[in-house]
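In the two complexes that follow, subunit A is the common piece, with subunit B as its partner first and subunit C second.
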Partner chain A sequence: MQKGKGKPFLEVLASAINEDYRFPILEIFVFLYALGTFALASFAGILSTMGTSGEAVAYSLTTSVLGTPLFVFLILVFKNLAYGFGSDIEKGVIQTYLSYPLKRHQILSAKLLSAIGLSLLILLSIQVSALYLLAPDIVANFFGTVMLTYAASLSPVLFVSGIILLATLFIRRGGLSLVFGIVLYFALSIVSSMATFMAFATKSPVPLKVISLLYPNTVLSLFYRMQFFPGMEQVWAPTFLEVALYIGASYAITAFVFAIAYIYFCRRFST
Partner chain B sequence: MKRWTVLLGRCGTALIAVGLAMFLVSLIPQATISSFQGIRSLQRENCIVVYYQDNLTPQNSLTVDITANNTVKAYLLETNFRMIYDWLNEHYPPAPGTRPFLTFNKTCLTEFLTANPQITVIEKEGAEGTILEYTPTKMADVTLILCNPNPSTVEVNYKVSVLLGIAPGVKLQTLGQITVPIGLALTALWTAGSFKAKMEEHKLQG
Partner chain C sequence: MPLVVAENLVKSYGKVKAVDGLSLTLDEGSVMGLIGPNGAGKTTTIKMILGLLKPDSGRVEVFGEDPWDNPKIRTLIGVVHEKAYFPSHQRTVDYLKRTCRVFGVSESRALEVLKLVDLLEARDRAIKALSAGMLQKFAIAHALINYPRLVIADEMTANLDPQARSSLLDLVLRLNKDEKVTFLLSSHILPELSRVCDSVAIINKGKVLAFGKLVGLYEKYGAGRVRISTDKPADLAGELGKLSYVEQVEFDARGVSAKIAKGKEEEFYGDVSRLAQKVKAKILGVESGSASLEELYRLVVGVNKLEVA
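Moving on, here comes the complex of A and B:
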């Protein structure tokens, strides 16, 4: 019984990949990732802030290349989740998948592996290789910092992806959940900027701590002293343990959202 | 069409896309952000620091063009000028009343380089049109030292330019030249298969 389960899973995965990355979608996104990474790489941040350590340089460089490619990644993931998965639900394709000898969570896993996993793999492999090409010594010596920056920066995107998945499952309309996801992501970005300014104005670390739960890049930038507001290190100077805790907490929140989506899909979702 | 053919084909097209992006970026020219020119008279077996620059990034390139009436030795060191200054003052304190560290003899430099062997990035000897090109792989401070190994005085002209580019063009072009053909090779089977399938479909429709 267990032996035969691999193939249907691969069938669903292959079908999802084929649907999500139709020619030339994959190629266009790969091209944009590569072009964006090289075109946006900049050391200007490190030269204009207080961060001067090797880790701060690695953080600054990684953050600089994440700008547009992260937005491109966000569009790809949101398209795959809302439009791809949403249209599967709308058109009834999901019924075909449910007839496969697979558990529901395996079907959802295959869809998520294609929608998020593969996109993430492409983004990371292109960006890390490009960063290594640009500054080999920085990436090789501070690889941990580079990956930590990715972890902190990708957390809000994955959180909103989880919300989009939930919205797609609940409202069963891809287009609507796509719009909802994009609005939510930008609302979060605006709230993050407002919280940073509020903390600067009131000299209180509370807004920063609250927003770091969803936007752990805030706490990481404070840790590496890469905030552009002067005197922010007096408002909150987090330790590395705090940084790790906030990143961990943000992923726990994201995992919780995905867990709700899994539970709903497995127990309540009806076609 | 077999699934692995499609998989290889799509990997190939992705590689072509990466290669094209690299080609495109490599076409963007570098900009000269600062330039410095000077003339020095180097006494026999003497050395002098002619240029130093802090915080060069991997996006910067340094080009040094040297012209002299006899052979000179150029050393590009990946270190701060201050470090050389402190080392020389510690090991060869200047005589009271003299200005420290304007020039120093070859022995001092040899000793300094023996004590710090990892900092020499370029060491070149020449006279007419000696060109040094350097791109750091991390944030780096650089210092350029010129030495006269001859028993007579040498007149040296030098021009140092700091360039700013968005990516190392030569590296990207080389990589693009590798990835695009590999991509094309991987895509060949998939393209042929797709073409065959379309032809068959066309025949059936006809």
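Moving on, here comes the complex of A and C:
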């Protein structure tokens, strides 16, 4: 008998990646990312920024290129969480992982790294490379703006991912939590638009501030004067500090949702 | 030295108390059977011992540690769950090699354990392509990969054909004898358990009803007992139950077991012949002072027990 030091975390991660991205899932999604980035991007918004600041152009270019791939990303992440992790719970694979010499938080981390981390890595790699190919000067000169735009755009997806994770842990039905997550995400988008309209109609910044906590792209678009409604800057003209605070707060809320999921999985989750 | 200590375990699912003050110990080197009817609390008990469920109250120690979220002890344990669960798209040998890396054992162990359970020919199959019996064998191979000191198996022989069951029981005996592996086996198939177990815990409604070495339990529950093999067990049991010195009567498809008062043996044999003639039953055999595991189980759990006035 030869026993050495095992690598349970890496092996569970590898196993999760194997299941989440088995052929041809990875290939299809990489193709969709590339297609979305290069072929399906809408550059109409960029034209409206001509003559404005370079930062606004960088913001507009980043959101334009991110449009379809963000949708592909959320489908992939939601699928991994709800179907991947959900079916692991439903079918009992988690029970097998729990018999390995791993702390519970390590099992959850391995699953999340595979489900979200790898998807994020693929998305950002393709996105940043594509942006650099399309507009190297903008990426080089306004890298901070590009990253801020990614942070604001990804926040609601990650928030809903956290909610899907919680739903999967509690209801233990992957399909149901997937539907719940997709509905929630689109509800969030609709509520964001409604909040903007309400703010415009009532001239009150409160709806914008509230929705910016979960959908910080709203505050970022106001900062770069990229709102659909004219004169919105008179309703609320956020400073950069406010933008950073709202993006930070949205990630704090997302982190809180994930923390609840971790605490539940580590302390209460039973198979 | 006890490898597993469970004290006053309580676990409820809503209003249903699945385990209710259960206590048991599993000594190193023994093979213990955990038996009980459906819903007795066997699987819940096993899950608490494995740290998959947190007891509402009570204490579990495995290798002297709380099994809940304690990865250290899992390197010493092999687990066969009631239903086998593995990432289904991976090949059997690949997943076992991965498990070798999880536990830090040589990858050659993957083929060794497949050979042990007679599953070598399925090494290149995807896990999802295995039949129910093969999946069970795979689960057993998976449980043995880390050279466990303790194997906890819930319905280990489920889905296996008789030959595979027999080979598996031989393997349990061999591992226990040669490698001093301790086993905790939950099963409904009592003859199998009686073949390999040296101790049992009989549980029902979440409580341990009888617990200890099989020899001692046989003696305790077998004293004063007579087993009569007959073709009309229900009729004969009904008549025997009317005898004043018969304290307890049970029957199954093959015979009747009776517990009789001390000093009444001679009288009992005479009455058995007489009552057998009365109900036109054939006496096929009589055995006194013993109880099989099946009888022990029935005695303790009370299946088909006749009330004796």
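The criterion applied here is as follows: the second predicted complex is superposed on the first by the 257 of 271 C-alpha atoms of A that agree within 3 Å, B and C clash if a C-alpha of one lies under 4 Å from a C-alpha of the other, contacts with A are read in each partner's own complex, and residues count from 1 in each chain.
We adopt the following convention: contacts are C-beta pairs under 8 Å (C-beta built on N, C-alpha and C of every residue); 3 or more make two chains touch, one makes a residue touch a chain.
Remember, it's a predicted structure, so these values are computed and weren't measured experimentally.
Annotation for the three-chain superposition on subunit A: subunit B and subunit C fit side by side. Shared-chain residue A:Lys209: touches no atom of subunit B or subunit C.
Using the contact criterion defined above for the overlaid structures, shared-chain residue A:Arg268 touches subunit C, although it does not reach subunit B. Contacts of A:Arg225 after superposition: neither subunit B nor subunit C is touched. Judged by the touch definition given at the top, the superposed model places A:Lys7 against subunit C, while subunit B stays out of reach.
Contacts of A:Arg172 after superposition: neither subunit B nor subunit C is touched. Taking the C-alpha centre of subunit A as the vertex, the lines to the centres of subunit B and subunit C open to an angle of 140 degrees, rounded to the nearest 10.
In the superposition on chain A, A:Phe38 makes contact with subunit B only, not with subunit C. Shared-chain residue A:Glu19: touches subunit C; no touch with subunit B.
With both structures placed on the common chain, the touch criterion links A:Pro101 to subunit C but leaves subunit B unconnected. No C-alpha atom of subunit B lies closer than 6 Å to one of subunit C in the superposed arrangement. Residues 14 of subunit A touch subunit B in one complex and subunit C in the other. Residues 3, 10, 13-14, 16-18, 20-22, 24-25, 55, 57-59, 137-139, 166-168, 171-172, 175 of subunit B are the ones touching subunit A in the complex.
The residues of subunit A lying in touch with subunit C in their complex are 1-8, 10-12, 14-15, 18-19, 22, 88, 91-93, 95-96, 98-104, 266-268, 270-271. Across the complex, subunit A is touched by residues 47, 50-54, 69, 71-72, 74-75, 77, 79, 81, 83, 85-90, 95, 98-99, 101-106, 142, 146-147 of subunit C.
Within the complex formed with subunit B, the subunit A residues making contact are 14, 21, 23-24, 26-28, 30-31, 34-35, 38-39, 41-43, 46-47, 54, 57, 122, 126, 133-138, 141.
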